[in-house]
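Below are two complexes that have chain A in common, paired first with chain B and then with chain C.
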Partner chain A sequence: MIDEHLLDDLALQNGLLEVDARLKLAVGIGAILIGVFSPSPIAPLAIAASMAVLTIGFARIPARIYAALLAIPVSFVFMSIIVILFMTGGGEPLWDIPILGHTFSLTTDSANLAVLLLSRTLGGMCSLFFIALTTPMVDIFSVMNRLRLPDEFIDLSMLIYRNIFVLIGESIAIHNAQVMRNGYSTFRRSIDAFAMLAGMLFVRAWEKGEEMLVAMDARCYDGKFQMIEEERRISATGIATATGYLCACAGLAVIFRSFSLF
Partner chain B sequence: MHLIETRDLTYVYPGGVTGLHGVNFIAPRNARIAVIGANGAGKSTLFKHFNGIMKPTSGQVLVHGEPITRANIREVRKMVGVVFQNADDQIFSPTVEQDVAFGPTNLGLDEETVQHRVQEALRMVGMEDRATRVPHHLSGGEKKRVAIAGIIAMEPQVLVLDEPTAGLDPQGVSDLVGFINSLSRTYGMTVIFSTHDVSLVPEIAEYIYVMGGGKIVAHGNMSDIFEKDELLTSVRLDLPCIPKLIRSLWEHGIEIDMAYTQKDAESAFLRAFRGSG
Partner chain C sequence: MHIMEGFLPSPWWQIWFIVAIPFLVLGLYQLKKLFAEKRETIPLLAVAGAFVFVLSSLKLPSVTGSCSHPTGTGLSAILFGPFITSILALIVLIYQAIFLAHGGLTTLGANVFSMGIAGPVVAYALYMAGKKASLNTFVNVFIAATVADLFTYVVTAGQLALAFPAAEGGVMASFTAFLAIFAITQVPLAIIEGVIIALVFKYIIDVRPDILVKLNVLTQNTVNRIREAAA
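Right after this comes the complex of A and B.
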């Protein structure tokens, strides 16, 4: 199910593809900032929930894939939370755990910090996935172009973007060819085969790079890529909705600024 | 003065393999030339010399009578558009239309002209409905079409196609025959192509170069080349099926004019059968 071009493939067919990329980026980045600066967990949690609804409900990203993606950062954050719970102090003790003659105490401050960390991570990751799953790279390139980022930077990003898929394609092709001829049938063989794959991939990457250069030269490359873009105006309702959403999030952050769970 | 001419062109690959050996090739203005030859005959190596991607080990490549130098290489590439054999390596932009726009943009054309040319080129190769696709979602034949469109959009004087029909579906092949002929007729574009599909040759070309072992073993028009069975079999090629069929009808004593293209064959057959019956 999760294959080589998962994120980009999903983004290229998502339900919000037609929404202007600038709006989606603004909403995503704005929500990340609000979430990070919010002193209480309420606003980030609200952002996480609303972003999940947007991504699954409106952009029609399959919930299973979304959950699988979210599981990655969440598992990391749980590991850090355990450390934070016991390593930071302050406030009232909530729970004392004696381990090997020492007493580890879990205090209200550490619990609050852990909850805040969890909520910020969730809010941030949900917003980031919202951008990644609703805005294909191709659209992001044209936003970068509109923002007048240096051409060299954009051209390089575009070449890297294309070549990521070339390289993935090559490695899959080599891997398939090896599997078809029993390359991975025993442990020893799989080590040999993998070493060969890595070596070949390096050589192929090099060759592909040279061939790309030749192809670019053959078409008179002199340092210019064309950005194709229809001059699109963002609709007023779009701007209003995005602003409203961000204001609501910011409002939550301000209203509940001194709220804490414990 | 010929558009493209090679004089005693020899190319030795860095590994020591001789790719070309004393090749003399001439492409006059508005010609449609087929280069045929077995695998490893040197077709691709020759084509890469036409726009200065490869530099001769000895001998000369003249474009408009001028040798290719650092100073005129941009001009040469503007005049001579080469679509290489492997389409995969020729697409490097994030989307199909951006890729086709690459050449015209680098020629310094304004945005409107670029747009127009991109649409036109994509329409010719039948990819206009897939303009916003990303290249890694394309099939092999679709990539081939995009690669061809990328060169056509530059409107070169000479269109060089290395195995343009490899991987195309039958409709794609007849589309290709159609637009190559129309490019040649309406814009006076010179077309040079290589192919293993000998039946395609008479449909597009009027002149043929036969290569074998890095050399030109024969050249001439349809009747010159397709008259000599031994020549073709000696370089591992075969007659196209129409002249082959007519030959075997001759052996059965049926009187019919020689023809190479489908259209000519049709009238030859009609003449032969209506006339006799």
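Right after this comes the complex of A and C.
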């Protein structure tokens, strides 16, 4: 039912856990930005490959899970790419397909755009997976705190984070109970069972909120969670490696700026 | 329907951030005020955000066989109003990107606008209008949730069409093409989500109608009438 693995669980035991969160975020976000600004597919593809190596090789994330994650964007990308292939046009025609009296033509420019978008999405998703699989949310909160984001936003994010796990536990328990009682045996029943699950989840969530209110009042919550921060310095080798990596990616984007496949 | 990381080219991803930011700044300002005045709402907002996240990570019973998830923001808009929903949606979308690998960071602006702002505003407006016209509560919830879902996908199609206009016919032609191709999965999905959210309402009314009265979603009279009709 909850078919995705919560990536946070994997992140908490990954091989790069000890690397400073600021460094990992800088590398991930830097690579995403270089990918999205790159005018040719070379740099995003290099980013995708290097990020996959970093995540599977160094952070020791199982390759099977990584492959399953890559399948998530497929249906969205597939539908959108079809539209882009046949609608955007420009350049020389490569292939004409007559459908119902209409001629849809695939041109060099639209094929190049489709290839570029595919590689950018692949590079971007791999960089996002790198952040997701190597940086636990708790570390991201402390970076958000250092960046001086509004306290209200960080507090609400932390409370939501905590409650996500409480509610996932509840929904798994309800779902198991429903499956044992043939709740999902037909389509009609599964609609009803799903709605019952969601409704009860809401009621349970609300009751948890009321309980938490009492608990927080009892502990004199005054509108801000104090986080204990240990002052950590990023190692010079770490900074040098990250800068070197990002410069190499940016270099690829600049060198191959006019490269295109068709 | 999330736009995936890297799919929107410059300048469009920046533009959607700029469009979404005023709403979010307003939302954050109101959140600050709420935190200062009514502290007791904080834990309730937190469970609401977690609820939207968990709801959107559950797999819907599906007809087409594709992997489909409810957006959850339509329900949140009806329960908590569109402004709170926009901030909750921002946090939930960041978690979806980092926990579930749905969506992305550069496309966050576009996704917050379609799922967190446009859809919820429509859901809330429709629900309020239906309530005023004293439409049957369940029909009203169904319409609001379904149309909000559909509108979210129309906005997403519009965002893609603006970024990738067609050679012949420009933005309008590619808008129609994106709409047509997304309709295959999104229209059945929106109807299923509408049915489910209407049923969710029924179950909440059965168990804890006082929550809905407290949130000003229903009046005590409506609750009494529904319970009498069911009895």
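The rule is simple: the second predicted complex is superposed on the first by the 236 of 262 C-alpha atoms of A that agree within 3 Å, B and C clash if a C-alpha of one lies under 4 Å from a C-alpha of the other, contacts with A are read in each partner's own complex, and residues count from 1 in each chain.
The criterion applied here is as follows: a contact is a pair of C-beta atoms (placed from the backbone, for glycine too) under 8 Å apart; a residue touches a chain by one contact, two chains touch by 3 or more.
Predicted model, so just to flag it, every value in this text is computed and none were measured.
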Simultaneous placement of chain C and chain B on chain A, clash or fit: fit
Touched partner set for A:Ile97, first chain B, second chain C, both or neither: neither
Partner chain in contact with A:Cys247 - chain B first, chain C second, else both or neither: neither
Touching partner for A:Val138 - first (chain B), second (chain C), both, neither: first
Partner chain(s) touched by A:Val53 [first = chain B, second = chain C, both, neither]: neither
Partner chain(s) touched by A:Gly124 [first = chain B, second = chain C, both, neither]: second
Touching partner for A:Lys208 - first (chain B), second (chain C), both, neither: both
From chain A, separation angle of chain B and chain C (C-alpha centres, steps of 10 degrees): 80
Larger contact residue set on chain A - chain B or chain C: C
Chain B versus chain C as contact partner of A:Cys220, first or second or both or neither: first
First (chain B), second (chain C), both or neither touched by A:Ile82: second
Partner chain in contact with A:Tyr161 - chain B first, chain C second, else both or neither: both
Nearest Cα pair across chain B and chain C, whole Å: 10
Intersection of chain A interface sets (partners chain B, chain C): 8, 137, 159, 161-163, 166, 208, 212, 216, 221
Chain C-facing residues of chain A, complex: 1-4, 6-8, 29, 32-33, 35-37, 44, 69, 72-73, 75-77, 79-80, 82-84, 86-90, 107, 110, 113, 117, 120-125, 127-129, 131-132, 137, 140, 150, 152-153, 155-157, 159-164, 166-168, 171, 184, 187, 190-192, 194-203, 205-206, 208-210, 212-213, 216, 221, 223
Chain A-touching residues of chain B, taken from the complex the two chains share: 51, 53, 74, 77-78, 81-82, 84, 86, 88-95, 97-98, 101-107, 111, 114-115, 118, 132, 134-137, 150-151, 154
Complex interface listing, chain C residues touching chain A: 1-10, 13, 28, 31-32, 35-36, 39-40, 42-51, 53-55, 57-61, 63, 66-67, 70, 87-88, 91-92, 94-95, 97-102, 104-106, 160, 164-168, 173-174, 177-178, 181-182, 184-185, 192, 195-204, 207-208, 211
Residues of chain A defined as touching chain B within the complex: 5, 8-9, 12, 136-138, 141, 158-159, 161-163, 165-166, 169, 208, 211-212, 214-222, 224-228
